[in-house]
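Look for chain A in each of the two complexes below; its partner is chain B in the first and chain C in the second.
Then we have the complex of A and B:
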């Protein structure tokens, strides 16, 4: 069992959990993920590692409550434990002195972008971080991020903080601020990553996205996380999760992510009374 | 009366509001808090207009239209004011999606449905696509909110059954409060607290369950936002088909609309009055249909027991296997269990199958047997049911009727009568929502039945007895029913018996006076070669018959069947039923049967055909209906002269509680509703001792604690369920298991904490 050291809601729907997993904490690198179970015999779900403390042997996970397993996780309290935390899985995000890197994050990606920005900065890059959300009350993590980037940009749909709009506004904002990018790195929901891949295409530089297909084992055995990348078949868990968004077959990716929507509704429809969904 | 609205002269009836006058003449005024079924409230201020000669901007929903009035509904100033009002509302509503430049792309792209958590915008709101607020924003036109955005951060309320409440979305229009008070006459909901933390709910921080909420869903039906979300279809999206049909859960067969999406039932609503009616359904019709229809125990294909296990087989083969099992079996070696939830068409074909093909008259129903020996007289009284009697009587006496979670339309009519001064008397163990309007309440059952009832109606000229299903289970049920029957025969009183099953009259018509002939005798008869079950058997030992054929929408209880045939479920096949006032009601098909399931009559016809019959080739249900004799209506049932058992004695001092027992008669095809729908089990759980909360506290017990129930020599242990519906000293046990046997019903008992 993996003890939960901290667990609290961050903003509506997003939760932060710190869990003891010393072997993972000793090895994990930015961009990697773990597979966790909320309950024994429950579903195994992948979550990006949002931070870690090798000395204390802990990992920070930031997750969004979207279904059966994530609501069970949200109901966990400090002192509870998770039956499974395996990892680190997947390839670390490539960190090199690229020059100027623009990191874009939304939703749970605001959590997982932090170690990436930190490592990029340490590698000598000029780092711009843009975080986006529907409204000010849904943004988090700005204080922590500010310490690891040169420029922090905030975008909200309703303009309640920072710039008003969506990801489509970012190129214009970057121009205004005189930021040119040698690389984009995008973490967040699928819509954000796909739109970013389109919006930044004209810049002619890589747009790295951290893909989140349905996964089961996370070790290249089941094939559930299959996607078509640059015309070739890849497994997101062992070949990714980072890919250049310009080469991802998004239509197929979406179809596969939506595949089990009807089944996922079963546990929430036959409920009537429990809290846990 | 004539007035001028936006330069057009319009006609309006005396006494209407400007809003209604405008609507009738086709002028749409934006509005949020008004609702055609509710008294005007004037809370949202969106419907402001200008009226010549009046100062300021009156709200159209609260201002009477008057002869010769000149009204303007759109001027630059009004437009501006409306935009401001709407911005203020939206500044405290998660409204960013309404103003998002990517909204369309995002909606079409939406990868995964967000199934849990909190609504932070339209794309994750259960109301998306059928939202009054969205429509108003569209019609008023807004690009931004000039006011500071405030998120109230109120925890989402998820603890009650059937619907969740997220008051971060609430615009305080008060529609839910008004429908609860005005239409449902229930009064669970009220405004709570003040200012920015105002929410809606029962006073004193009670849960809805504790406050006497009936879970009728009227509040949900009228909420213009996604504040109130139906747990069962929160994430299903907007329906793509709506079918007018009838509720399958009791003899009222209420009109309802079945909502479907992608050929799956996702919900039901009261009949469409064009105003998203709050309606009169009870919790069963409002919330239980989709959960029962899509239950994980639904059968999708036939299966046969083979050596070493159970094998899924195609329908064709299953039909052949059935024909094989039935070959050479005739007369008393064949028996059939029918369900009072089957349509007339299904019953007719089943009856023909048993009688003509199998030459057997051994027909019964465990669901009917569970209603006890008084079901015959109950149906005899019911044969005189006329719903109109409620309005025509001068004194209504409800006996054994618990209106909390059923028969709501009757309760609403009774309450309306009681409110207008009609004498209303209740005899029953449970404090239901009608109790507050009753002139007198008496515990059930009564001693000296006839004299007592006579006394209750002594001063009335046109009394009406309303008999609920709970009248069936006390030891003196037959005496009570005989007394009522004598009143109706002599013309002294009328009676309305509330039938707990969809088509109990239909089944009674088919079976006549053999109706209550013991189903359990059939289960225990080892001489039966094939037992054909059209209802799920109660759990327990396998029937004694050599082979059991199970035909139902639901999986049979473990290892009780040799051949399983999947039948179409509710909303999956058309048919007719006889409602409790003897009228035919039409059940329509809303979606296709699950998997390879077929309507019951089709399966039976196919088997008959496979057995060589040529007279079972119906094309559709309509053809069966044409074949059914017009006399397929109620047959006289057995008379009950001289059948009375002694009344219950008053409880002795050392046994201070009176325990009432009843079976879980809310069921479908033999499966108890509280087993199919978890939320319903929260309301009426089986195997629990329901107890008055004060009594529970005095015993030092809370929900789920085990208590020992002792009566004379008998004792048994059950978990308790405190419920405000019970008066002090009263206990109710819903139990299908006859082994939970006490010397009498009701029974004086003592309770002890274990």
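Then we have the complex of A and C:
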């Protein structure tokens, strides 16, 4: 069992959990993920590692409550434990001195982009971080991010903080600020990553996205995480999760993520457990 | 060689039938199909063995069980002694008795097989293993004084369990590292409950734990720690990581929703307890028309699982004919009885889907058998213009698996074979990498439980010799 050291809501629908997993904390690198179970015989779900403390042997996970497993996780308290935390899985995000890197994050990605930005900065890059949300109260972790980037850009759909609009405005904002990118790195929900891949395509540089398909084992055994990338079949858990978003077959990817939508409503009815915001 | 091995006494050719759940009943539940011999039946069957002086059956068993020996004790009613004889060579008899391809191994060589009535060695093996378990008191071997040596075993499938059990009985400290949250390898995530109840796998794993083996779950060697980091803490390591990488056919439409790899299909059902859904958490789609591509044990398991999930029509789509089906005959017959439809000489060429990305049908071709190929089987050739559509709402690709490259990719020093397998000396299990042995599917490619066990046994012997300088 993996003991939960901290657990609290961050903003509506998003939670932060610190869990003990010393071997993972000793090995993990930016961009990797773990697979967790909330309960025995529960579903195995992948979550990015948003931070870690190798000495304390702990991992920080930031997750959005969307279904049965994330609800069960959200209900966990300090002192509870998880039956499974396995990793670090996937390939680390490639960190090199690229020059100028623009990191874009929304939703749980605002958490998982932090170690990436930190490592990019340490590798000598000029790092711009753009975070995006519906409204000011949904943008968390700004102070922590500010410490690891040269420029922090905030975009809200209602204009309650930073720039008003959505990710589509970012190229224009970057132009205004005189930022050119040698690489984009995007973490967050699938729609954000797809949109970003389209929006930044004209820049002619890699748009690295951290894909989030359905997974089971996370070690290349089941094939459920497969996608078409540059015309070939890839397994996100072992070939990714990072891919150049310009070469991802997004339409197929989105359809594959919706495979269990009908079934996933059953447990909610079955347990009588629902939450809405 | 040619001297007659059997005193041709009056042979009893009435092989005892295995009691089974009736097909109509069992296709609606996940309980074990074969119910096992009652004591009297087992003794009757055992007494059919004519106790050959040079038992050919033993040569057909990869771990050389003293078959006439344990069968004699069943016939005479000394079940504890039968168990001892059996377990001196096979640490997983309840499993092998159920899933070994006996008809190609021990039973194929039995002298009575010439008369079409081989002694039911596997069923008797299962009988003894189940009898022992029912007594509730497993005999525990004496563990010798510690040698002070530490061994890491990677993977908890049959190969890894065997190595761990053998080495701890020789006084070494053993830790098994397993990537998944449950031990057992394919026995746990692959072979379905109705063929191999998970309680039996658990019993065998509990046994090696009771012997003192340390089992670390949720630990992916190569990622959680590399093999080289592990070797810093252990004197030797055994790699038994299996052949878990699923193949696809590389035809259009394979990424449609409703197209599964056999591994995904079976893992959802077994490891994740999908058949209990919604009481368990991992869903499986409700399906009515399912096509399973392939003809091996894995394909049979998928097809029979689909039936049990309530599908109205389940087909095996296989490109050769019934004769060439690689699955065990017993499982083919079970599948036929349960109502699986066999589309022989059929090759899928494409899956077509709807606008939401769900599979609608399989496009396939008819084949005919031509000249024999390298494997000696007649090569299937396409019949021009025979394309047809098979409406389905799920397709399962069960055409094979290859070894998982994770460990060789993250640790230097292995020699890698053509199929991505780790090369190991068949006589010892030694790999090209210092202090590392390997065995099971990671070396041979997808094979059988008993071969994985046998490879584990061979490696354990060689590892012991390396660690202590003594022969076993």
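By our rule, the second predicted complex is superposed on the first by the 270 of 277 C-alpha atoms of A that agree within 3 Å, B and C clash if a C-alpha of one lies under 4 Å from a C-alpha of the other, contacts with A are read in each partner's own complex, and residues count from 1 in each chain.
Following the convention adopted for this analysis, a residue touches a chain if its C-beta (ideal position, glycine included) is under 8 Å from a C-beta of that chain, and two chains touch if they have at least 3 such contacts.
Because the structure is predicted, anything quoted here is derived from the model rather than measured.
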Message: On the A-aligned overlay, A:37 touches which partner chain: chain B = first, chain C = second, or both, or neither?
response: second
- prompt: Regarding the shared-chain residue A:224, is it in contact with chain B (first), chain C (second), both, or neither?
  reply: second
Task: Look at A:13 in the shared chain and tell me whether it touches chain B only, chain C only, both, or neither; answer first, second, both or neither.
output: first
- prompt: Between chain B (first) and chain C (second), which does A:87 come into contact with in this model arrangement: first, second, both, or neither?
  reply: second
Message: Contacts for A:27 in the overlay, against chain B (first) and chain C (second): which applies, first, second, both or neither?
response: second
Message: On chain A, which stretch or stretches are contacted by chain B in one complex as well as by chain C in the other?
response: 68, 258, 264, 266, 270
Message: Can you tell me which positions in chain C touch chain A when the two form their complex?
response: 179-181, 189, 217-220, 223-225, 244-246, 248, 250, 254-255, 257, 260-261, 263-264, 267-268, 272-273, 276-285, 356-357, 404-406
Field: chain B contact footprint on chain A (complex, rising order)
entry: 12-13, 64-68, 70-71, 74, 134-138, 156-160, 164-168, 189-191, 194-195, 254, 257-258, 261, 264-266, 268-275, 277
- request: Would you pull the chain A residues touching chain C in the complex into a rising list?
  value: 23-24, 27, 37, 39, 41-44, 68-69, 83-89, 216-217, 219-224, 226-228, 233, 238, 251-252, 255-256, 258-260, 263-264, 266-267, 270
- prompt: Which bits of chain B are touching chain A when the two form their complex?
  reply: 94-97, 99-102, 105-106, 109-118, 120-121, 144-145, 148-149, 151, 153, 158-159, 161-162, 168, 231-236, 290-291, 294-296, 677-682
